[in-house]
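A, B and C label the chains in the order they appear, each numbered from 1.
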Amino acid sequence: MAEKGLQRLTFWEKFQSRYFSKSKYGKLFIYLCLTLWSMTTIFPLVWVVLNSFKNSREIITDTFSFPTDPTFQNYLKAFDTVNIGKSYLNSLIMSGSVVFFVLLFGGIAAFAMARMQFRLRGTLQMILIGSLLIPAFATIVPVYKMMIKMDLVNTYWALIIPQTAGNIPFAILVISAYMATIPKELEEASVMDGCSRWKMFTKVFLPISLPSFATVGTFVFLWSYNDLFSSLVLVSQEKVAPIVVLLSNVSSQYGTDYGLMTAAIAMTVIPVLIVYLLAQKTFEKGATTGAVKG
Amino acid sequence: MKGDKFYIFLFLTPAFLISGIFLYYPFFENIKLSFYKTDGFFNSTFIGFDNYIRLFNDEIARGSTLNSFELMLYVAIFQVGIALVLAIMVNSIKRGAAFYRITFFFPIVISGAAIGLLFTLIYNYRNGLLNEILINLGFERVLWLTEQSSLYMVAIPTVWNYVGFYFVIFLTAIQKIPQDYYDAAALEGITGFQKMMKITIPLILGDLKTCLVLAITGALKIFELVYIITKGGPARSSEVLGTYMYQKAFVDSAMGYGATLAVFMVVIGLTLAFITNKFIKNDKLTY
Amino acid sequence: MKSKKIGLMLFLMLVSLFLLAACSSKNSSNEQTEKKPPATEANEENGKENVELRVVTTMAGTDPAGEVFQKVLDDYMEKNQHIKIINDSQSADAGTIRTKINTDYSSNNEPELMFFFNTIDADGIINAGKVVNLEKAEGVDLSGYNSMLEQQRNKDGNIYAAPQSGFYEGLFVNKKLFEEHSIKIPTTWEEYELAIEQFAKTDIIPVAASTVDSYYVVEHYALAAGGIDHYQAKLSDQDSTWAEGLDNIAKHAKMGAFPADAATLDLAMVQDLFKQEQAAMIFEGSWFWGQLVEAGMAENVTVIPMPVYGSGGQTGEIVGGSTQGWFISTKSYEDESKREAVVDLFNYLTSEEILLEIVAATGQPPAKGKLTDLPEYIAAGHKLVADAPAVDLPINDRILPEAFTYIRESVPSIVNGTKTGEQILKEAAALE
């Protein structure tokens, strides 16, 4: 692979030095690409939001035009269907807890996987990868049965525990990949300072890996939060139902309410974007921490 | 380091304990189910390896597996590839980086149901966006979802939808590379594409590998978009393992056979991940 | 150093213990939610013991009955202060209710009352003795029902579910489009084929249909080819009229009867073609009227029976019946502290007054009494059922789900010529 890269490089060298690095066109090209891509990604959000102000029929017949006669009906219906404030709170408590437990347990496990040598490391890694493959459909019935036995159905724990279990492997893999490339000198320096492994984790590796924790946290939050399937089985009753359960109310044999669907999606998207924006702040902080130590 | 054994045990136990009870044990139950002909609840007959024999003679399962492999290829190449390029591009600019970081994330947060509906309304023959454009330009309508094209047509939204995911992971990884590396490289006249090949990519190889593993495992589980946009059709030409397994377990109440498909998915995924791991050897690169 | 190590270990162990403890101890779970009123605690007002009943139904989502149902429950709780009802309804479309119910029943967590499909879906629950035989149950009132009650009778001769309403399926036609193109609304198979031929020449799609979600198409084409006698055949018979019906779908597809993308359309998109007046006919069920009213076109639409050409059958025979009903779980019936309340709630929900109140929201034919002040088009549908020489359930309610899905999803393969109806039936029968 390396040789191939070098060969290609000679061609690219000419190409890029001519068009990119030395000229303004390079930057322009980059901005052009990025802007084009961002247009495709902004489009669906705009589409959802615009359509949430249309009635169900218009969403199908005139889906790609501006709402001619904007209506708040869909949002009113959404407010009617579920207790919005309570559902947001439920979502926040459950998904927040999942993120907390995943980062806590996944973080320390990732540290062990990335920075310590032991015999079963390879096997554990394979088990972790294997767990990424387990479809939620395959585990839901046994999990539901366990929750019934423990009398936890329709409590927050019913969702928090299995989602934590399901997301830990992802967290370990991503965080440990990030930690694996942190310079060995840092580790050695902290040993010299008389740090225990725990201290090394909290004082050195955790701060440096913060961006990775933020990334994983964002996705875990997103997945936990958007998990309609598990939510419907484990926490469907109103007192604990998360906001995403709104989406189960948009259809039946009597038809699909696309208006309610788009409004529900617009409403569910907002908190995730806020979480992402907050996590982005950590990215920047993390990046500077990384730079300072160099 | 002295006393490491204790810490390894301490650090790994909580994670594997929770996953063990609430992920591996349920999956073990699933493996058990795969030896039964059962609706999963009241009717169960032990049939040994019959479900597995059925799997190997099941034309639909074979087609779905091949389709899943094809999607996996697109996902591994384009989803991860585009994400990597976009991450390097965003990392190289100063102005507007925050804007791109936020907007690239949008498709992931919107639930699959909406993305699926969006593309259904784009591809629809009679009233879809693409055909409306063609009609307005004076062309005939085109049937977008045919037996030949359907897999590509679901690959497009599938790939596009999750580029942002790998983009964020790559960007996080790239930003940990200390600036002095680039400064030193700049002194030697290494810039642009060369910089990417010689510094950026080698330094994030571990993360790249993780992303590939995530892409391979993720591709096997692809379900929602295909289910909504093509229903696996026309004539099962875009059926994938995820949709087939869902159908068996939840539409058809054939939990036993559905469980067999789930086991099959895990086995294929592990094999491929194992190969990927061997293929990309990273020698524990640190700065 | 050492003490720190131990402190840290204690901390981590505590956190994981906390998690696990939360899983196993019932007390901590109650902290999370409101404390359930224990069933034994006496209600101060009337001296009756407090009872909590969980009711699972499919009346949720966009089902218009959902709202009325909740109101009816609220009224009941108002009148019976000692009874608390938890409405655990979920739309059948959400895809989880079947799993949930089966898991509940097999894990000793069944709801006290359930309104669910009394079809092959409930076989497991019934055979395991998890629901009571209503005719033998003390205090249960089954009077006043029309023939829909008999339709609920199980193979073993018992009645486990009390119906609420019925439904019918048929060919919904857009009268306006037929008039505009001077095409005759079909009453025979020949006229049906002629209508397809004539609409195919226009910009209008003759029949809005999905060949992958082809439930209604398969049923009606089988009915047309064989009449009700053959329609009632078992899958294992591999009835030749079923195969003929499947082949007819392919034949009509070649005539341009269906949308070009019929093999990937879902039912909602198909319904939309009809509602946008881009298609002249559609196979649907009586639940479709609500959407037509919303689209403002119900007056232009009428529902007719599928023309039957097969020998032995006659046009007018329809697919329909009553497939959902109220079940009482054996566990709650045998629980002395709950029996009275459960039976009372059951009788309340199935009383003529309440039943009609719920059914009125949907416009379906009720299982008791009569709906009044019906719009003409809905009344016409009810008449269709009343006049039908024979009515039978959809095929997918009585054959193995895997086999039906196989038939339904193979229709596109018949249309593209890779398989024949006969082959598909044979392969489907092999799954049983």
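The criterion applied here is as follows: a contact is a pair of C-beta atoms (placed from the backbone, for glycine too) under 8 Å apart; a residue touches a chain by one contact, two chains touch by 3 or more.
Because the structure is a prediction, the values reported are computed rather than measured.
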Original post:
If each protein chain is taken as a node and each touching pair as an edge, is the resulting graph a line, ring, star, complete or other?
Top reply: complete
Subject >> Of A-B and B-C, whichever chain pair has more C-beta contact pairs >> reply: A-B
**OP:** Measure off the straight-line distance from the CA centroid of chain B to the CA centroid of chain C, and report it in whole Å.
**Re:** 34
**OP:** Could you put a whole-Å number on the gap between the CA centroids of chain A and chain B?
**Re:** 14
Original post:
Which chain B residues sit where two or more other chains touch them?
Top reply: 3, 10, 14, 18, 40, 127, 250
Subject >> Residues of chain A touching at least two other chains >> reply: 60-61, 101, 104-105, 108, 140-141, 161, 164, 196, 198
**OP:** Check each residue of chain C and list the ones that touch at least two other chains.
**Re:** 5, 8, 12, 15-16, 19, 95, 99, 103, 106, 269, 276
Subject >> Residues of chain A touching chain C in the complex >> reply: 56-57, 60-61, 101, 104-105, 108, 140-141, 144-145, 148-157, 161, 164, 194, 196, 198, 229, 232-233, 236-237, 239-240, 248-257, 260
Original post:
In the complex of these two chains, what residues of chain A are touching chain B?
Top reply: 5, 9, 12-13, 15-17, 20-21, 26-27, 30-31, 33-34, 37-38, 40-42, 44-45, 47-48, 60-61, 63-64, 101, 104-106, 108-109, 111-113, 116-118, 124, 126-127, 129-135, 137-143, 146, 161-162, 164-166, 168-170, 172-174, 177-178, 180-184, 191, 196-198, 201, 208, 211-212, 214-215, 218-219, 222, 226, 228, 244, 247, 258, 261-262, 265, 268-269, 272-273, 276-277, 280, 283, 286-287, 290-291, 294
Original post:
Which positions of chain C touch chain B when the two form their complex?
Top reply: 5, 8-9, 12, 15-16, 19-20, 95, 98-99, 102-103, 105-106, 121, 123-125, 127-128, 205, 212-213, 259-261, 263-264, 266, 269, 273, 276, 278, 401-402, 405, 409, 412-413, 415-416, 418
**OP:** Flag every residue of chain C that touches chain A in the complex, lowest number first.
**Re:** 1, 4-5, 8, 12, 15-16, 19, 22-24, 26, 29, 32-34, 58, 60-64, 66, 86, 88, 90-96, 99-100, 103-104, 106-109, 268-269, 271-272, 275-276, 285, 287-288, 290-291, 294-295, 362
Original post:
Any idea which chain B residues touch chain C in the complex?
Top reply: 3, 6, 10, 13-14, 17-18, 39-43, 120, 123-127, 141, 143-145, 147, 150, 228-236, 247-248, 250-254, 257
